[in-house]
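Working notes for the structure below.
Here the chain labels run A, B, C and D in written order, and each chain numbers its own residues starting at 1.
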Amino acid sequence: MSDQHWILTAQCPSRLGTIDAVTGLLRQHQLYVTELHSFDDSHSNRFFIRACFNAESALKEDDFRQQFSERASEFEMSWELRPADYKPRVIMLVSKFDHCLNDLLYQYKMGSLNIEIPAIISNHPDLKELAGWYDIPFHHLPITADTKPQQEAQIWQIIQESNAELVVLARYMQVLSAEMCQKLEGWAINIHHSLLPGFKGAKPYHQAYEKGVKTVGATAHYINDDLDEGPIIAQGIDSVDHAYYPDDLVAKGRDIERVTLTRAVRQHVEQRVFLNGNRTVVFAQ
Amino acid sequence: MSDQHWILTAQCPSRLGTIDAVTGLLRQHQLYVTELHSFDDSHSNRFFIRACFNAESALKEDDFRQQFSERASEFEMSWELRPADYKPRVIMLVSKFDHCLNDLLYQYKMGSLNIEIPAIISNHPDLKELAGWYDIPFHHLPITADTKPQQEAQIWQIIQESNAELVVLARYMQVLSAEMCQKLEGWAINIHHSLLPGFKGAKPYHQAYEKGVKTVGATAHYINDDLDEGPIIAQGIDSVDHAYYPDDLVAKGRDIERVTLTRAVRQHVEQRVFLNGNRTVVFAQ
Amino acid sequence: MSDQHWILTAQCPSRLGTIDAVTGLLRQHQLYVTELHSFDDSHSNRFFIRACFNAESALKEDDFRQQFSERASEFEMSWELRPADYKPRVIMLVSKFDHCLNDLLYQYKMGSLNIEIPAIISNHPDLKELAGWYDIPFHHLPITADTKPQQEAQIWQIIQESNAELVVLARYMQVLSAEMCQKLEGWAINIHHSLLPGFKGAKPYHQAYEKGVKTVGATAHYINDDLDEGPIIAQGIDSVDHAYYPDDLVAKGRDIERVTLTRAVRQHVEQRVFLNGNRTVVFAQ
Amino acid sequence: MSDQHWILTAQCPSRLGTIDAVTGLLRQHQLYVTELHSFDDSHSNRFFIRACFNAESALKEDDFRQQFSERASEFEMSWELRPADYKPRVIMLVSKFDHCLNDLLYQYKMGSLNIEIPAIISNHPDLKELAGWYDIPFHHLPITADTKPQQEAQIWQIIQESNAELVVLARYMQVLSAEMCQKLEGWAINIHHSLLPGFKGAKPYHQAYEKGVKTVGATAHYINDDLDEGPIIAQGIDSVDHAYYPDDLVAKGRDIERVTLTRAVRQHVEQRVFLNGNRTVVFAQ
C-alpha cells in the first residue's frame, strides 16, 4: 500500500459522526487525503463520501480493511476501497450501432477510461471486427423471441465467468427480461436516446422532430426493474433548429449518446457515482 | 424609404420560384439585400424567407407593397414588411413572480429589446411598482373562478385598445380559457417551466428533483389551443447535481426561464420566427 | 449556535492531518456536517476545506472559535466561520454602464445574492436613480487626473466606514492606482471584458471582431497588483458568428459580463472561493 | 443533373444585384432552391451566398456552368457548384497523437463526414496501423532539420498526385515552412490547441494551468502565412476547475480538439465556410 493512490467510498444512513468515522481512521493510519467530498442528503437521509488518499507508510491493506470494517458496520455503511488505478472488468452489450462502442473502446485504448473489457457481447455479428481491432473477445449471441431466456442465460454466464463488475449497454437494442434487469440492478449502465423524462417509446428523434424541439439530449442511467427509467447518472444535450430533419436529429443524437455514455461510465469507474434510491449522487471532477 | 433598413418576411406553400418572387422584386426596386435566409420544409411543404435590405432610393413604400402583394397572392404568401427599427407593441401578463418581467423590462430599457409596452396586466398588485419604475401603465385585474370570463374580457379589451401585436405571458400563473387561447393563437408567447416534453403538471422542479435529473430547462412557445403545448420557439437548459434540493432547482429554473423567454421574445420581435404547423422555423442570428 | 447552519472554511500548507483537524473538532462538538469538500493542491502545496454543518446543541460559538483557533495555529491555517445566512457587506463601484449593477441588485433583492450593500460609488451620476430604486446610498465621486488620489481616498474612506468585506467593480471604468489595488488585493472582484488571457487593452470586442473569433467571453477575477490580471474566479463564454458586428459583440458581451460577475460574487459570498497564489480554488455547487 | 441535390456557393465584392444574379439563373433553369443563406459584410464589403437546390429537369450541368460563369465574371464572383454528395479528396497530416485522426476517420467511415481520404501522411510510423484499419494509404515521411525541404516536397507531391482539395493537419506537430504555408493558404485546416488569441507557444495547457483558467478551448482555422494564426473556422471550449492538473487539462483539451477539428472539417466539406480576409463567414446548419 506504500506510495499508492487509493479511493475510499462509502454510504450509510445519516447520523452524527459519519465523516469522522472515515477521516479519523485515515488519520490514524497516516494516510494523506488529497481530495474529499461528502454529502448528506436531507431528503433520503443518507450520507455519501468519497476520499482520495496516498499511502506512504507500509500499512497492510488487510489491517486497514478490517479496522474500517468494524467502524462501517457500526454505521451500517456500505463501502469500497480501491487503488486509484484499479481497472474494473466491464462487459459491453451491443447490437449493430457502433458509435457508443467505438468511443468507449477508443477512450479505453487511450487509457482515459481505466477498465478491462473481458468481453463484448452482441446479438449481431456486425461489430466483431471492431472488437478484434482492440483485441477483445467478441461473443455473437443471436436472439429470437423463442431463444431469449437461453440467450440471456448465456450473457449472464459470460458476465459471471469474467467476474464483471459493470455491464454497459452501449446501444443494445434488446429489451432485457425483468429477471435480467433485477440481476443487473445498480451495476449496469444504459444509454437512453432521449432526455428523460422526454420522449419515450420508439423513434424518439422522430417524436422530437414532430414536436419541433430546439434541443435534443440523451440520458445515461443505471438500469433497475425498469430498463429505461433507472437512476440517472449523466445527461447530455445539444441545440438543433428547424433545418434538422429526423435523420439529422438521429445523427446529432448519436454524438450526444456516445459522449454522455462515456462520461457516465468514466464517472462510475472513477467511483464518483453513488446510488441514492431512485436518484444518484455524483461527485464530479 | 430612403436610407432605411427593412425586414421582409414571407411564407407560403412550397413551389418553384418562391425565392425569385422575393429577390426579383427587391432587385427591380434597387433594394440592397444585406442578409437573406430561406428554408423550404420538405416535411410540411412550406417555404419561409427572411430578407434584410437597405433602401437608398426614393421608392415609395406603398408602391412596393402593392407590387409585392400581387406576387404574394400568386404564391399564396403571407408576408410582412417592416422597418428594422420598428417597435411592435407588446402586452405583458404577469402574476407575482418578477424574474421574467424584470429581465424583459431591463432589455427593453437598454434598447436591446426593440418594443413598445403599452401595458402590463396582472391578477396581483405586486409588480405595480416595478412597472412604475419603467413608466409603464399597470393594470391590476384580480381574478376568481367566478370572475374569470369578465377578467379575460378586460384583458382582451386592453390588448385590442392598445393595438398590441404580441402578448407575452411572463409567468402569468392563470390558465387562460380555451376561447382566450384561440384568440391569442400564434401571437402570444408563454414560458413553460420545464423542457417540453418533460415534466408536466404542477411543481415541475419538484418532479425533476424526485426523478434525479442532471439537467433542468425551460421552453418558450406560442400558445395555441393548448396553453402549455404550442409551437416551441426556444429552449434553455442548465446542469444541476445531487446537491440541488427542490428550492435550488426552482432558483436555477428562474434563471433559465428569464433568459429563455427574453430570447424567444427577441427572436419574435426581430421577425426571425415563423409558425410552421405545430413547429416553428427560427432564422437565428 | 443552536439549530443554525454554519460554514467553516480554512486553508493552510499541505500537511498530514489537516482534514482531521477540522472534522475531529466538529465531531467533538456534536456538529452535524451536511457537506464537505477538501482539496490538497500538490502544485502549490496548500490544503483547502469547506464544511457546512448544523449546530443542534447549545455550544457557545466563542468556545468553538477558541478551540479551533488553537488547532488552526498549529497548522498555520487561515480560516473563517460564519452562519450560512451571514450577509457580508459589499461595496459596488460603477461608472455609467448598468448591466452588471442591474443584475447584482436584482439578485440581491430576490435574496439569491445574500449580501448587504452599504454603498454604491460611481465617478458618474448616471446610476443614482437605479441605486435609489433599491434604497441603497449612492456616492457620486467624480474623478479627473488631478483629483484621482483624493477620489480614491474618499472611496477608501467609504469602504472602511462601512466595514465592507468585499468590493465589486461592476464595470468601474477607471484604472485603480497601484496603491489602491494593493489595499484591495484578494477582496475586490473585477470583471474583465474578455476571456483572459485573450484580448487585452482597449476595445476588446473590436479586437475580437478583427480576429474573427467564433466565441466571446468574460472573466471575473480578484484584483491584485495588476488590476486586470488577478486570480480568476469564473469565466463565461458564448458563441458568435460572422454576422456579429462589433456592436453586436459588445451587446453579447454585456450579457456574458453580467452573468459571469454575478456568478463570481455569489461563489465568493457563499465562501466557495479560496485564493491559491495566482490561482483560485472554487468548490462549486 | 436530374433529381440531384446541388450546392452552389459564391462570393464577390458587395454590389447591388448579387443575390438576384444567383437566384435569377436558378429560377430560369427551373432549379428548386431548398435552402439559401446570404450575407453582405459591410466591413469587408464582400458578399457571400450558399444555395442548396434540387434539379428535377434534365438541364445539362455544362450549360448551367457556362451561363453562370458569365454572370459571375460580371460580378467578379468566385464560385463553386457541386453535387451535395460530392466527396472532396482530403489529405491528413499527423504525427503521433491519434485523437483527432481517430475521430475524423470514424466520422468518415460512418458517412457523417463525406470525404475521400487518398492518403494519410505522418513524420512518425505510429498511426500506420490505424490508417490500415480504415484501408487508407499511409505515408511515413520522417523529417529532420536537414531533410525538411525534401520531406515537404514529398508531401506536396502526394497532395498534388492525389488531386487533394483539402489538407487537414490533425495534430501534425511540425512547423510547416513559409513556402508550404503559402501553397496551402486557405485550403488547409489546422487545430490550434488553445482558444486563440489565448495561450501561444509551447505547452499551452501548462500555461493555462499556471494562469488558473476556468475554461480551456481549441481553435480550428485555415493556415495562411502564419501557421497558427489564420482565419478561424470553429472554436470549442469546456469548463475546468482547480482540480485539473496540467495532465488533466491536456486530456480535456484532446476531447475539445477532436470535436472542434471534426466540426470545422465538416463545415468546410459541406461548403459552409468562406474566406473573408482574415476572418471567415460560416453558414452553420
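The rule is short, and it goes like this: a contact is a pair of C-beta atoms (placed from the backbone, for glycine too) under 8 Å apart; a residue touches a chain by one contact, two chains touch by 3 or more.
All figures in this text were calculated on a predicted structure; none of them were measured in a lab.
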Chain whose Cα centroid lies at the greatest distance from that of chain A: B
Same-site or different-site touching of chain B by its copy chain C, using the half cut: same
Higher-contact pair (C-beta pairs counted), B-D versus C-D: C-D
Whole-Å gap separating chain C and chain D, where each centre is the average of the chain's CA atoms: 41
Separation of mean Cα positions, chain D and chain B [Å, integer]: 37
Two or more partner chains touched - positions in chain C: 35, 39, 42, 241, 243
Complex contacts: residues of chain A adjacent to chain B: 39, 41-43, 195-199, 209-215, 217, 231-235, 237, 241-243, 245, 276, 278-282, 284
Touch list for chain B against partner chain D, complex: 16-20, 23-24, 26-27, 30, 32-40, 42
List of chain B residues in touch with chain C within their complex: 35, 99, 102, 106, 110, 112, 133, 241, 243-244, 248, 251, 254, 285
